[in-house]
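Structures given as structure tokens follow.
The same chain A turns up in both complexes below, where it pairs with chain B and then with chain C.
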Partner chain A sequence: MALEEEQQQSGEEADPQSSRTGTSPEAAIDRFSWMNDTLEWGVRAQPGKRGLTMRDLNVGSYGEVPESSSDMSRRPRGAFPISGIPRTDLYALSAKVDLWADNAVDLYEEAIQRRWMGHLEIAWEEITPQPYEYELAMRQLCTELAQQASIETDLIGQWLHKMNYAYHEVKTFLASEIFDTGRHYTIFRHRALHNGGSLGLESAGQFNRRMMETRPGWTEVSVFLYLVRGPLTLLLYRFGEAYARNKADQLLFRKCMEDKTRHMAYGMAHVRYAVENQPEGFGLGLSNLMRGVERDLVRDLNDPVLWEALAIIIGGSVENIAGGMAVVEDLKQRYIEDYLRRMQWAGINKTEANLSPDLAVFLRREETAPSGD
Partner chain B sequence: MATVESRTAYWEQAKEQGFDLSWLEKLREHVAGEGVEEQSANDTGRVQGSIPRGDVARFGAYTFRTKSEVWAHNLTKLYEEFITRQWSSATDIPWETIQPLPDDIEAAQCQLATFFTQVEFIASDVPGRFISTMSPDYQEVRLALLAQVMDESRHLDVFRKRALANGGGLMRMIDSVSDVVGGSTDNAREFTEFSSRLHITGEGNVLTLFRLGEMMAYNEAEKAIYRRCAQDEARHVAIGVLHLRYMNEFAPERRDEIHCYLDEGESRQATGAGGENPAGQSQLTSGALAMLLGGGKDKVDEGQKILMAIRQRQTKEYFQRLKSAGFDDRIHNGRVNPALLEQYKAAA
Partner chain C sequence: MSERRSTALKFPSVEWFRALQELVNEDEEFRRLGSIDAVMGIKVGERVFVINFEAFECTEVTEGTEYDLIDADFYLEMTVEQWQDLVTNTRENNGADLSHTLNTLDLMIEGGISDNATGDQLRADVFFRVNQSLQHFFDSSARLETVFE
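After this line comes the complex of A and B, so read on.
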């Protein structure tokens, strides 16, 4: 490369600058020795129609994502390594299979492009006081959703710093996700307190606990966060939008739905990648893991607080709670169906046949099965 | 609209149908508490101000559950600014303005960009670690930190983009930990230690440099990068200043301890140890900076003179932060690092 030639030249000829300052030519070479230190020179990443994206940078050796990394010094991928650097951290997640998803790099850019500002873009003044019971129920729903977001913050916070920077695409995407969760927390808390309200009851918490206490790996956490909790959160957003009584609430839920869809796109892609690339039997292990997890889920699904609140929102009042609850039962059924579909897509053999019987109840198959007469 | 009587009637009716509704009673009676608790008993990740239940397993185990360990005033306002001033490294930087540069200048830009890419890793990982160890009752602090993680991720992204956008490439990695006096930013287990080290000293120095980005930039794209990063960095520094200010007012018993952290930070600033200050003495990046500031390989010594002025400015701005946070007594009582004091006097 031209730089090398220049360096050689500067080594052969006395540098006028160094002679002026009394520096020896050898010292001058040392002074500029870093100019040679690159693994690949001459890279010119080109912006596309979406600007200069992170994917555009993955050219040449800079785009080679290692299967594993033993680097514990935070060397940027493709930077020139130097010996004798002490380790700075112990990155527990240093294998591609533990965190990777091909779509993370694009989802990161999407998260940036679709950023929004809850405190400015939501027309809060349109959210006028609603009938008393509806308002109380809305506070409860929003308290639950704020806590779900906060738990997601905790969860990603627990794992993000354990991920090796060889996979910066995933780390930057998860940084955008944690930023989203902060926004979701803020707007749902704000919505609960709007119109002079106060917050509702904390979450039933069994599944929160399960996610927070999971230690074996990010893939297991991803299954819980994106394939089990994610579809529920998404449905709650959907129903929140569908039964909103004003455009502000509608927009609030819709925006969160867009974010959540993105989070789940990463999570599902990662779990599928892990199942495909981990040793045989990994997917079976995840499937077996779900037996206990599903019992936790059942406990949360049977807790009345969230569901009765939602039934009041859908029905419009306590007077119509029974009608609302019929819709809630549909939601729960859709949730379990969605959970099964997503697990199967990711390569985990989770079917109605091996679903926890207590969870299978929510599918209501006996109610809809033909009588056989 | 339902009257209280009719409401009571159909609430009873609903209960007879099997609905619980006890939560509704609790909500009706619940009055939001005032302010943030000094001690947090939150072990279940509940939202601050929500109604605790008795039947939820405790899984929080939050290390930080005392307000005076983490708090700062006005973080909500700062967080809103974080939200409002997000930007895109893909589309908000005029990449088309980058034109081929002489090899020495391009190499210097790439070396500096490599440094910033790597140093932003620290600034992203370390605050991230604290988020999940802090009680959600202090959510304002958590929000500021997670917003910082987002900013730093964008910074590592934009500097990687710069290194690979103009015929160059990533260059030599940095040695960011050896020769550290006292604890490092990385190793801090205590929030105030972490914040004083990262926000006040580390990012403070980087902020000064970003503010002077015009001097190192050779095109509009680079100017835009430094300008936008400076805006972000100012918010990160503000987290630290606001926290120290709070500590000064509400935890004066910890002032001596905080002075110890500042001693260590100053020592690193004065010597360049730790490698987090790109303008620090004996740094790989100071050579690259001198090249950029001087205008080329043959003007490095001129660049070094400008770099000296930048170091003085870093110190001046650091002293301003001390003053703003209420820790400027060290400037006058002989505790401040003598080399920094000398720089400060020279800058006056």
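After this line comes the complex of A and C, so read on.
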């Protein structure tokens, strides 16, 4: 429907700006022909209990998500296309199946509505100095977490511009995730340096490199980032919260836990969507891909630095590191179990039976299996 | 978590959870934590309660049956004694102490306390996605005068 026609039907009053410039609405429409260039007039979005959300705005043609898009401009979905506009990118990800997740639109709102500010909301003054070795261990854990966050920022960043604007739900959600990981990077760096501390050793890095250098597609990267690395990061946050010595640290880890699970919700939903909608055998291909990935993962997991630091934090001191290490072994087992569970949820046949033997060791089945005597 | 309410409420009961509902719906801090969309089941021994959160509010509290847990995003299950310990600790410390947060209990209690009844990991994760709001909800019970059955 044309604007003029719609205004006549709805009986709207003249545009106040037109009045200010001394022109009648009719004259303005004659004068500005672009005002009739629209794909759809008459759309009415209604705010709900959460305000006017992106989902609320997805009405009419503005809510139609194409299966693929050949548009190589940065035209917002629903904007009127102009002939002769040069391409602004050559989007590698222009098919819905390559990046979509049904929950992205709501996760974006969740990210915006549950945002937080570490420099204001964390009571840093409550984080008082602890014994030296404990502080060293905490700085090591925080250095690791800061590096995991910065890798995530760069990883998403190198894919985001390849995603077609037809899928703005995903693009905006991932933009919010980059903001989150930027926050995580600064907050863990801040925590490591708190109490006169310093940063610890950088990460082992094999798996980071694997993620950064993965080229075939965003779905493969999503498997690595959200189903392989994600559960480990989440567990580190959860144990950080559980073994915190003050409420400020506890809140810091808990808020990061919220963010991380939201990120994983997108990743899990996307991988499942891709497995269900790509040609048959796609999920099998992802499963086969994991052989090499798990080798890299094992090399990182066998690096002792993070685990020793965590064991000191959990045990409370170097003297009690053995007690802490028992909990760390439990964390590793939980991690592998969680990895298997999330892969299966996403539709990838990853089980104990086809798990790398070096990773299966972390499941400690021989310790709990009946002896047979 | 100040301004305690003087009328004693029995735990567990619909009245006790509705008092919590009322407290958080009047609480600007709860709203500031952000929108929360979750259906949370609570299992205290044999009794089941279902608590709905929508947008910035706790919208409904009902008593149900084990069957209702199927529709919940996640449910929290502890023994009667463990729930009493949590409620008492929260009351004594004006909010759960370091070892009684929901995440801590989920890690420390054998088998965890939070799960999805159908094994849906995505829905089970809602427990973590809105954890600070849930913690605030239970911490608000410090303002209730509670008696146990």
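Please note the rule applied: the second predicted complex is superposed on the first by the 343 of 373 C-alpha atoms of A that agree within 3 Å, B and C clash if a C-alpha of one lies under 4 Å from a C-alpha of the other, contacts with A are read in each partner's own complex, and residues count from 1 in each chain.
Assume contacts are C-beta pairs under 8 Å (C-beta built on N, C-alpha and C of every residue); 3 or more make two chains touch, one makes a residue touch a chain.
Computed from a predicted structure; not experimentally measured.
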Partner chain(s) touched by A:E109 [first = chain B, second = chain C, both, neither]: both
Partner chain(s) touched by A:A309 [first = chain B, second = chain C, both, neither]: first
Partner chain(s) touched by A:A79 [first = chain B, second = chain C, both, neither]: first
Touching partner for A:L289 - first (chain B), second (chain C), both, neither: neither
Partner chain in contact with A:S198 - chain B first, chain C second, else both or neither: first
Partner chain(s) touched by A:R50 [first = chain B, second = chain C, both, neither]: both
First (chain B), second (chain C), both or neither touched by A:A360: neither
Partner chain in contact with A:V65 - chain B first, chain C second, else both or neither: neither
Partner with the higher number of touched chain A residues, chain C or chain B: B
Set of chain A residues, in rising order, touched by both chain B and chain C: 50, 109, 113, 115
Touching residues (chain side chain B, partner chain A) in the complex: 1-2, 7, 10-11, 13-14, 17, 19-21, 23-24, 26-28, 30-32, 44-47, 49-53, 56-57, 59-60, 79-80, 83-84, 86, 88-91, 93, 95-96, 103-104, 107, 110-111, 114, 117-118, 121-122, 124-126, 128-129, 131-132, 136, 139, 142-143, 146-147, 149-150, 152-154, 156-157, 160-161, 164-173, 175-178, 186, 284, 287-288, 297-301
List of chain A residues in touch with chain C within their complex: 48-50, 106, 109-110, 113-115, 234, 238-239, 241-242, 244-247, 250-251, 254-255, 257-258, 260-262, 264-265, 268-269, 341-342, 345
Chain C to chain A touching residues, read off their complex: 33-35, 37, 54-57, 98, 101, 103-104, 106-108, 120-122, 125, 128-132, 135
Residue numbers on chain A that touch chain B, as the complex places them: 2-3, 6, 10, 15-17, 20-21, 31-32, 34-35, 37-45, 47, 50-54, 57, 59, 62, 73-76, 78-82, 84-86, 88-89, 108-109, 112-113, 115, 117-120, 131-133, 136-137, 139-140, 143, 146-147, 150-151, 153-155, 157-158, 160-161, 165, 168, 171-172, 175-176, 178-179, 181-183, 185-186, 189, 193, 198-206, 208-209, 212-213, 304-305, 308-309, 311-312, 317-319, 321-322, 325
